[in-house]
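Here subunit A shows up in two complexes: once beside subunit B, once beside subunit C.
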Partner chain A sequence: MSVTGGRIALRRPAFSVAEAFGGFRLWWLVLPAFLFFLAFFLVPLVSLLAISFNKTVPGVVTLTTAFTLDNFERIFTRSIYYSSILRSIGIGIVVAAIALILGYPLAYLIAKTEHPGRNTLLMILVLSSMQLDMVIRMYGLMVLMGDTGLINSALIWAGLIHEPLPLMYNTFGVVVGLVQVTLPFMVLSLIGIIRAIHPSLEEAARSLGASRAEAFRKVVLPLSMPGILAGSLLVFALSISSYVVPALMGGWKVMVLPIHIYQQIAESGRWQFGAAVAAVLFVTSLIAVFVYHRAAVWTSGGRT
Partner chain B sequence: MSDIRLVNLTKSYGEGNAVSEVNLEIGEGEFFSLLGPSGCGKSTTLRMIAGFIRPTSGQIFVGRDDITALPPERRDIGIVFQNYAIFPHMNVAENIAFGLKLRKMPKAEIARRVEAALKQVGLVGYDDRYQRQLSGGEQQRVALARVLVTEPRILLLDEPLSALDKGLREEMKFWIKDLQKKLRITTVYVTHDQDEALTMSDRIGVMSKSRIVQIGTPQDIYERPKTLFVTSFIGHSNVMDVTVARRDGDMVVVSLDGHEMSARGAADLQPGTQAKLVVRPENILMGAALGETGPRLAATVLSETYQGAIVRYRLKRGSQEIVAERQNQAHVERFAPGTEITIGWDPGWSEALTA
Partner chain C sequence: MRDEAPVSPVFKAVAMLTLVLLLLPVVIVVLAGLNAGEYLTFPPKGLSLRWVTAFLGSATFMSAYIYSFVLALVSTLISTVLGTLASLYLSRSRSGAAAALRGFFMLPVVLPGVVLGLALYIFYVTTDIGLARTFAGLLIGHVLVTCPFVIATVTASMVGFDLSLEEAARSLGASPWTAFRKITLRLIAPGISAGAIFAFIVSFGQFETTLFLTVPNHEPLPMAMYISLRYKFEPTAAAAGIFAIALVALSTVVSSRLVSLRRVFRA
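Then we have the complex of A and B:
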C-alpha cells in the first residue's frame, strides 16, 4: 500500500548455466498466473472495450470492424446517462470520505493497541464483517433500514415519528450500504501505515510545544497520507463499480453506472451500449488512479 | 536551588513497579545521569519528567512549580530520543523550525534562529536535507538543534549515543558535554553505559530494579560504592568474604581468613556479621609497590596479560582468584606466572559492604 516503497537492488544475473536455468524455471512459475490474467481478465476487458465501438444491435454480440462513436455520443448527450456518471463519482467520493472519517479512528485505535489479545479482537471485528457474502450483508441492512425495519419500527413505537423515514431505496441507503462494504478495506489500508509512525515522533512534537491536536495535524496526519490516499482510492474504486449494493439498497432507483450496464446488457441485450458505459466506468477508475498518484507525489513533497 | 525535584515518584504497571519511590534533586545547570541496566526504570523516570507517562504516585517539581499534572507541551522540557525522532516529512530546517512556528514567532526570526542552531551543531548547509539523507550522528545533531532552538528549561536525553558506532560515540560524548556546559542547561541523561555516565556527569543516580540505589559524583560512585550492585555494575571489582571484627572510628576492622585489616565501611556493619570486602583491580598492590599500611597476603601469579597501557594479573590467594591491574610505566616490576608474591592494598581504597 505504501507509495514510498524501498528501492530494490536488482542483482546482475551471472552467466552460469545454473543461474540461467533458475531464471528460466522462475518464468515457468509465473506463466500460469500470466495466462490466467490474459485469458480471463485482459481478453474479456479488451473485447468489451472493442465492442463498445460497434453500433448497438440488440441481441448481437459479434465484434465487427465498423467503427462508430454513436454509443459514447449517446452517453454524453442524454442526461439520464451523463448524470449517472456524476452520481457514481459523487457517491464514490462521499463514501470514501465517510469511510475515512469512520475508519481512521478505528485504524488508529487498532494500530496503537499493544495488548495482543485486544488487538486480535479488534482485527477479528474488522475482518469478520468481510467474511459474509455481500448480498447476505445487504439483506441484513435491509432488515435494519427498511420501512418496517428495526430503526423505523423503533422510532414509530417510541412515538418520535409517524411515517417511516426513507432510509432505503435512495442515495442514502446506497451510501450506507457502500460504507458498510468498504470500511474494512479503508481500515486495513490505514493500520499498517499508522503503526509504522513511531510513537516518539508524536512525543517529540508534544515536547516541542504541540498540543495533542497540533501533533496529530502536523505529524501523524501527514505521515498517514499514503494510507489515506491508498484507502480512499480503493474505496472509491469499489464504490463506483459496485452493482449489488445500489441494486439492493437503491432498489434500482439510484441510477449509477453499474446499474445501467446491467440493464443494457442483461435486460435489453444491448451489449455494445452496455460496453460503452463499462468503458466510461473503467476510464473513471483510471482517472482516479492518476489523481491518487498525483496526490501521493504532492503530499510527499516531491520526495519519491 | 534545585531545578528538578522528584518526590516519591512511582509508576506501576499491573503487579510490578517500573519506578519505585524515586527521590531526587537536580541543580540548575547540572548534568545528571541515570545509570543502570536495561529494564531498571530509567526511561520510565525520564518519560514521567517529560510528561508522556503519568506517575502512579509522587510529584515532579521544576523550580517551585509542581508540573506533575501538566501536559508535555506546557512543561518547557526538551527531549532527545534514542532514535532521534526526526520528522521524516520535513527537511532539516523545517524540523528545527517546528517548535518556533508553534510559538508563533515571525518568519524572519525563525530563519535567523534556525541558521544559528545549524551553526551551533555544525550542520550549516544541511537545511534542505531529509531524515533519510542524514547519518545517525547528523540526525542526532538535528534532534539536539531542534530541541535547543526552543531554549527549554530542561534537557532530557534517553540513551542518545547507543545507536551510534563506537568512534562516533566517543566523539559525541565530549561534544554533547561541551555543548551542555556552554549552554548551562539542566540536563538529565539516561544511559546503561558506565563510561558515558562517568565521563559526562556532574552527578550520577545509579538505578537497579526500579529504585535509585546511590546518588553521587562519578568519583563517589566509582570509589565509594554503597552496595554490591553498584560495585559490580560500575567497573570491575574483587569481592572477598570477610567477617566484621569491630568498628574503629570511621573505619571498620574486618577479618579475611584470620588476617585482620582496616577498611572503609558503612556505619550499619555490625561486629560478628558477614560482609564483603571490595577492592578495585587497580588498587591491588604487588611487590615493591606495597605501602606502609594495609594487609599483606601471600599470592601466586596465575597469568599476566599485556594490554598496552595496562598489565593485568590473575592471582590466586587462598582459594580465591584476584584480579590486579597496573599501569605499564617505565621500570614497572613485572611478574611471571608461577611467581609467589605478596599483595595488599591501602585500607582507604577498600570498602566493606553489607553482604
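Then we have the complex of A and C:
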C-alpha cells in the first residue's frame, strides 16, 4: 500500500499510539502480555509435557533428559487408566448430546425473541448461570439430589418410594452436574447461528406446505449444523476437563481423567505419571478444541 | 406488528425446562442459606437470617470470601492492564503475527484448568523460584485465566472503532498521547470496564486452576466451599454462596449495560 496523499488514512492503524510515545512501535504494547504468557504459560506447559516422558519416581520431581515412554505405555496398557480415558470420552459424548437436546430450544427461543428487554433478560440469565462459581451450583444440585436431598425426601414424603433413589455419587450424578455447567456454553454457541438463518427460509418451506416440524427438520436444523457441531465440541472439551463436578457429584467413585491426575499428584506423589495423564487429557481436549475452532470459523463464514 | 416469531410449544416447554435446570441450583443455594433449620429439608422449615449472620462471623467462610475478593481484585488489575495493552496491538495491527497471537492468548481458557494448575505447580517446584503454594503463584494462575476475557472483550469493543476520530483530534492540534487519552481511551472505556468485570467474576469463581496452587490455610471461597461440601452441607457455605451469587448477578447486569454481550460471546 502506498503512503501518498489520501491513502495515508488506510495505513493509520499502527500510527497514533506509536507516535505518542516517540518512536514507539505498536508491538511493544503486546510485549508485556506476551512475555507473561511465555514465562508462565508456554514454558510450564512444555515442561509438563517434557516431564511426562521422564521415568516415574514417587516423591521426586526434577526434569531430566532421560526420556522414556514408560508412563504412556502404562496408561494405555493398564485397564484402570485406559478405561478412565474411555469413561471420560463416553461421559463427554453423552453430556454433549443431552446439552444439545436441552440447549437448542432455549437458544432458538432467545434467537427468535425480538423484544429487547426480554431478550436481554434471557441473555443475562444464561450468562450469570454460566459465570457463577461451579462449586456453588454443585452445592445446589447436591442438596437437590442427595440420598436425603429434596427430591428423595419429597418422593418418600409423598409415599412414592421407600428407599432413596441413587441420584448422586454415581455416573448419573456426574452427567447431570456436567449438563448443568455446560448448558450455557451450548446455548451461546447456538444463538448466533440460529439468528443468522433468515426467517423467510422457514416461511417459504411453510408456505409450500411443510408442517412446522418438517420445516424445522429440513430447513432450520441443517442450517444450524455448524453451531451444533461447535457447541457440542465445546461442551465435550469442558466435560472431559472438569475436576470439580466428578469430584463432588461422583464422590470419587466415577474415575475420570482429572480425578486420576489429582490422585497421582496429591496422594501418591507420582509427578511424572500425573503429568502423563494430564498430557493425555490435554491432547484429547486440544483435538476437540481444534475441530471446534474450525467449526466456529465455518459458522462465521470465514471470519475469525 | 407481531412481537415474537412463532416458536413451537414443544420448544417453549423444553426451553423453560432448561432455564429451570440452569437456575434451580442457584435458587436452592439461596433457600439453603436462608432456611431456619439445620439442613434444607422437604418440606422446608421456614426462613431465617441465622446462617447469614453465621457466615458474617465465620472464620472459615468470611475470610475465604475476603481472600477471594482481594485475589480477584489484584488479578483483575494486572490482567486488565496487560490485556488492554495487548488488545490495542491486536485490533490495530494487520500482521499475521497479530492473528496468531490472538489465538495464543485464548489458550489458557481452552486448556483444562487442572492441567494449567498442575503445569504451573510443577514449574514452580522444579525451578524452585519460591512461587509454589504462595499468593503470588496463585495470582499468576488467575491472571492467565482472566486475561483472555479482557482481551476478548476489549478487542470486541474496538471492532468498528473509527480511527479518523483520533486523527481529527490530531489535526486540530492535539498531541498523539492527548488524542489517544481523550478520544480513544474514552471511547473504549466501557469495553475495558466490562472486560475487567468479566475478569473479576472468572477469578472469583475459579476452582480448577486453583486446585494445585492454593496456599495452605488460605483457601479462596470456591475451595473453602468444596472442602466443606465433601463432608456435609453447611448452611453457612450456602449463605456465603448468596453473597457470591449477588456479586455475579450484579456484575453481569452492569457489564450488559457497558458492552454488547452478543458481540463478546459471539452469540
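The rule we apply is simple: the second predicted complex is superposed on the first by the 261 of 304 C-alpha atoms of A that agree within 3 Å, B and C clash if a C-alpha of one lies under 4 Å from a C-alpha of the other, contacts with A are read in each partner's own complex, and residues count from 1 in each chain.
To be clear about the criterion, a residue touches a chain if its C-beta (ideal position, glycine included) is under 8 Å from a C-beta of that chain, and two chains touch if they have at least 3 such contacts.
A quick note: this is a predicted structure, and the numbers were derived from the prediction, not measured.
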item: Clash-or-fit label for the pair subunit B, subunit C on subunit A; value: fit
item: Which superposed partner A:222 touches (first subunit B, second subunit C, both, neither); value: first
item: Touching partner for A:72 - first (subunit B), second (subunit C), both, neither; value: neither
item: Partner chain(s) touched by A:209 [first = subunit B, second = subunit C, both, neither]; value: first
item: Residues of subunit A touched, compared between subunit B and subunit C (which is higher); value: C
item: Touched partner set for A:200, first subunit B, second subunit C, both or neither; value: first
item: Which superposed partner A:82 touches (first subunit B, second subunit C, both, neither); value: neither
item: Contacts of A:105 with subunit B and subunit C, given as first, second, both or neither; value: second
item: Which superposed partner A:248 touches (first subunit B, second subunit C, both, neither); value: second
item: Superposed arrangement (fit on chain A Cα atoms) - minimum subunit B/subunit C Cα distance in Å; value: 5
item: Residues on subunit A lying within both footprints (that of subunit B and that of subunit C); value: 212, 300
item: Footprint of subunit A on subunit C - complex, ascending; value: 3-8, 10-15, 17-19, 21-29, 32, 39-43, 81-83, 85-86, 88-90, 92-94, 97-99, 101-105, 107-108, 110-116, 118-123, 125-126, 140, 143-144, 147, 151, 163-164, 166-167, 170, 175-177, 179-180, 184, 198, 201-202, 204-205, 207-208, 211-212, 221-222, 225-226, 229-230, 233, 237-238, 241, 244-245, 248-249, 251-253, 256, 261-262, 265-267
item: Residues of subunit A touching subunit C in the complex; value: 9, 12-14, 16-17, 19-21, 26-27, 29-30, 32-34, 36-37, 40-41, 43-45, 47-48, 51, 61-63, 101-103, 105-106, 108-109, 112-115, 120, 123-129, 131-144, 146, 148, 150, 153-154, 157, 179-180, 183-184, 187-189, 191-192, 199, 212-213, 216, 237, 240-244, 247-248, 258, 261-262, 265-266, 271, 274-275, 278, 281-282, 285-286, 289, 293, 296, 300, 304
item: Partner subunit A, residues of subunit B touching it in the complex; value: 50-52, 71-73, 75, 77-79, 81, 83, 85, 87-89, 98-99, 102-103, 130, 143, 146-147, 150
item: Partner subunit B, residues of subunit A touching it in the complex; value: 198, 200-201, 203-212, 214, 218-219, 222-223, 300-301, 303
